[in-house]
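First up is the structure itself, then whatever we jot down about it.
Per-chain residue numbering starts at 1, and chain names A, B, C and D are given in the order in which the chains are listed.
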Amino acid sequence: MLNVALLGAGRIGQIHAGNIAGHPQCRLAFVMDVYAPAANALAEKYGAKVADLDTILADSSIDLVAICSATNTHADLIEATARANKAIFCEKPVDLSLQRVQSCLATVREAGVPLMVGFNRRFDPSMAHLQACLRDGEIGETELVTISSRDPGAPPAEYVKVSGGLFRDMTIHDFDMARWLLNEEPVSVYASASALVDPEVKALGDVDTAVVTLTCASGKMAVITNSRRASYGYDQRIEVHGSEGMLQVTNQLESQLVKSVANGVVAQKPQHFFLQRYADAYRNELATLIETLAKGEVLYPGGNDGLQALLLADAALESLKTGKPVAPQSLL
Amino acid sequence: MLNVALLGAGRIGQIHAGNIAGHPQCRLAFVMDVYAPAANALAEKYGAKVADLDTILADSSIDLVAICSATNTHADLIEATARANKAIFCEKPVDLSLQRVQSCLATVREAGVPLMVGFNRRFDPSMAHLQACLRDGEIGETELVTISSRDPGAPPAEYVKVSGGLFRDMTIHDFDMARWLLNEEPVSVYASASALVDPEVKALGDVDTAVVTLTCASGKMAVITNSRRASYGYDQRIEVHGSEGMLQVTNQLESQLVKSVANGVVAQKPQHFFLQRYADAYRNELATLIETLAKGEVLYPGGNDGLQALLLADAALESLKTGKPVAPQSLL
Amino acid sequence: MLNVALLGAGRIGQIHAGNIAGHPQCRLAFVMDVYAPAANALAEKYGAKVADLDTILADSSIDLVAICSATNTHADLIEATARANKAIFCEKPVDLSLQRVQSCLATVREAGVPLMVGFNRRFDPSMAHLQACLRDGEIGETELVTISSRDPGAPPAEYVKVSGGLFRDMTIHDFDMARWLLNEEPVSVYASASALVDPEVKALGDVDTAVVTLTCASGKMAVITNSRRASYGYDQRIEVHGSEGMLQVTNQLESQLVKSVANGVVAQKPQHFFLQRYADAYRNELATLIETLAKGEVLYPGGNDGLQALLLADAALESLKTGKPVAPQSLL
Amino acid sequence: MLNVALLGAGRIGQIHAGNIAGHPQCRLAFVMDVYAPAANALAEKYGAKVADLDTILADSSIDLVAICSATNTHADLIEATARANKAIFCEKPVDLSLQRVQSCLATVREAGVPLMVGFNRRFDPSMAHLQACLRDGEIGETELVTISSRDPGAPPAEYVKVSGGLFRDMTIHDFDMARWLLNEEPVSVYASASALVDPEVKALGDVDTAVVTLTCASGKMAVITNSRRASYGYDQRIEVHGSEGMLQVTNQLESQLVKSVANGVVAQKPQHFFLQRYADAYRNELATLIETLAKGEVLYPGGNDGLQALLLADAALESLKTGKPVAPQSLL
């Protein structure tokens, strides 16, 4: 039985809390949140205790710390947990600054603790199925990865301000998927992007609609298209073209109901947003974490995956500023 | 080059006229219709002549007579053409009376002329593909054939009166498909049916919504569902369940356009009605007719197919009247 | 917090145990099973106690008894629980004998305890969505309900022997769906059926492939097709044709992955069997039970739903024996 | 009745010949081809005459000249026809050289004759339906156009050599679609491309796999992905994301047959190649040409559409060479 402390009792922390409580091999022991009522409510619901960081890290019964707090606290909490010699799960991103990510990962390496970064999509059954087919050569050599990722609606300006921008906040998931599916690091990133959805986004210097092209040394490519707004729900599709065929993950719809009426054959919309669409992915992510720790194997995706995805995001941003393709490694 | 005379210049006659004119190995020589303006217009469009029956049958250059006139003229025209020793294509049905069909087919047999009955669906690319898969054993042994057949809207009362009723007019196509796909004659027919669409249909003693179950001696079954009205277009689906899988023909939609909006993912409706849905089938039917005649092989579907389908329709009607399953052969 | 005792720790009992344990408003207190190791394992997993029936029924803290044991124990356990004045959830069927069902339900009525019968499909999100659309008139008046229900593989002969036959064991779910969607009791049942899948089924006097037609006084109809074997997975589709459109629930596939290769565009198979396909339905069923009890409202589907579905099953069996349509009420 | 002369009796010329012969308002009068047997066969099939260019252009009965010959003859034949004062239909491209296209179009302008360039996809029913929806504002403002265009197999090296390269030969159709759907000229083109399919393509200095991003001044974007090889058939999909929804044109499959078996639910492949996929488009293209000429309106797509698509192709090529985005107008 693994004892888990949860840092952060917000939207995503609640998802992980439910999964931890429901998993037969682990137990939610502690909850911490800067907003006390949130910590109390979550702790009560699952029979956990509320505690501060020092208490949690000093408690020798705690095996795993799950970091689901605000992005700007991630790196500090990872380092503190690493020094306390506990396994770490951290929601993406490690940090918005490349330098800070590098120093944080150095601390983790020194401490020798296991670290998983929460790129949940790798654990979605359909995405994982696609990756397994690629790995098994079912469509020959991978040639082009196409990722369509659109949120149902633009976030509030307050969020946009601290998000690190579209590429570091939203596209970063797609960068991770692209790396995972290409199975090769891109050597060039070109981004074209606009603020078409929300004038406030433009005022804040961010973009909400983007096309990013990644090119590998072997000639393999990936193209990512993003929008902060899809009137029809959360649009999450992946397509891989290979030498012997194509694999696609289509949208998961709200139900299997189809209505045929005078104006057409109407299927349901895609599931609303990530909490619905990736509910299974979050469950599988935790299960993999627990199973991998139990086996004593290396966690994945790990710190370097977090770093590489951020490198691609920063390269996209640099490309957008300069109007030219950018080599990600040149930013290190 | 095959010379063809067309009897009947109505809706279905016009379809065949276009196909005859467009086929590189035949020529539309004559058009006949009781309504002179229709005959004239069609003849002019395709460079054919208008003529009466005697002239047509006396013309030794005519190889094939295509009968597309009113149902109650079919049997007489078939017999006259047979006696003139010309090949015959006749739209379904041969006649609404079993006895008349039998006597008519006897005449054709005596004359020894080739006869094709216009069960066009056998020539639809998707339906033909399904049948070929069955024939090749791709889903093992056939166990259950399910046919959904719904018209976009109820016909006018005037038509219903002379149609012979739902089973002889509309279901007859489905009976032919069922026989073709079961590849065995049903020994029992049970029909349940209602007049739900149009009160006038009820007043005329007919039905517009039906479920018909066909059972074979081997235990294989078919179930046909019909409606005279589908608000979403012409619904034409077939499904065959076999020992090793299932084959389905889905609806052909008006276009490949799909619209995703706030209220769902909207595909186009099925193509409107038989003239659109079976345009390819009519073309292939003619091509098969010409090719089979050229090879001197036996035409299919032939007179017996027309007879057997009518037997099933009459059995369904008898079942509806008596409330019991009926053996089709018992009606001969 | 509702205290629940589970009678029966087999396949379906394990499903309910997990859902009870995971629901925030109830607690699994007791497990009983004739096979002690099964009871022990399940009790341990969820922190419950193993007990015998008397102990459970005598324990005043128990609010709800969930009966998931063998079919032939259902009626006795329902009656015992009713006399102990506890709420009852019972897996279908109440019993295989109409007379026994009637006497059992009389006992429940006298005791005045709430009873839910486990027709889980009513709680499947897609099926429930379809029914809500019908209720709201989204396709006008219901005219024809078509239910396709096929198991992935035939059950072992041992099971077939005690199952009560295809209609009482498998089709009974479809009869419940038909009643629910027709929203009117059928007055006539006609069944045609064969043993095509497994010779042993035939030897046991049962069938494995069936077409059942239900007709209502208003003229509305339902047609159910069943097979004990679908090589491509658990086939669970529903289609309702109404005066203004059609509603369909399509199969839920194993994942959203689609592979396009030289031999076609390959989507995944339907989910394997009821435990996968109806996982959400079982969860929603329990949630509805708890919520309805909390509100003090009448549970549904209730004892009469169990009775009516069995009446239809018996009518189908009688129809198969006599070769004629049967009025279900005539069997009471 | 429009009299048409066809220059070029190859694969695409044969398609147009059949459509011309089948259209009620025009007639195939002449066929010309440098390979006499091809011209003779086609002329005989449709009752036309074989003639040389001078005879055709001198014949005052000829209203329209359809140019379907080799690409390097297009510009000369357009100019000769323009000087002979006849309407012109020319397969794409006008020429592979921007300068030659400009001088050729100047000649056409001076002559004042109507010219249609054969961008057939604009006349595909599904693509045209999509564009009409955009025009009518059905998904609000257009934000992102995504075009997937993949050939079933790579062309022979002989063809690649004279094709002008992937962008001028294949992508040019997609550039035309992008311009048509964006309804705004792109100001920037960025291309990333590789030779992954065929080593010979690489040896010839060409590419076979490409991602091209087009950006407009308004911020609207288009992304085109190409491959010379799709093992599953001709892949032709378009997707437009707008402020109020998404429109997609999916692939047209070989038939409506779907097979469910142990390894999945298998739909048919996309139609093999452009002759099958765009058969309707070619027919509609001719019908629009004839109708527009009859009304005396301006033909579309016209010479400037040919020029703009070539500009985008050349910008893509320049981008690929320089590794930077290119402004198309800068190439004029």
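In the analysis below, a residue touches a chain if its C-beta (ideal position, glycine included) is under 8 Å from a C-beta of that chain, and two chains touch if they have at least 3 such contacts.
Keep in mind that this is a model prediction, so the values were computed, not measured.
Listing every chain that touches chain A and chain B alike gives C, D.
Contact tally for B-D versus A-D: the pair with more C-beta pairs in contact is A-D.
The chain with its Cα centroid farthest from the Cα centroid of chain A is B.
Over half of the residue numbers at the chain C-chain D interface are used by both copies of the sequence.
Chain A and chain D have Cα centroids lying 41 Å from one another.
A straight line joining the Cα centres of chain C and chain D is 57 Å long. In chain A, 139, 230-232, 235, 244-246, 259-262 are the positions where the chain touches two or more neighbouring chains simultaneously.
The residues of chain A lying in touch with chain B in their complex are 230-232, 235, 253, 259-270.
Residues of chain B touching chain D in their complex: 22, 24, 45, 125-126, 129-130, 133, 138-139, 244-252, 255-262, 268. Residues 141, 143-144, 146, 148, 150, 188, 190, 192, 194-197, 209, 211, 213, 215, 218-221, 223, 225, 227, 229-232, 235, 241, 243-246, 323-325 of chain B touch chain C in their complex.
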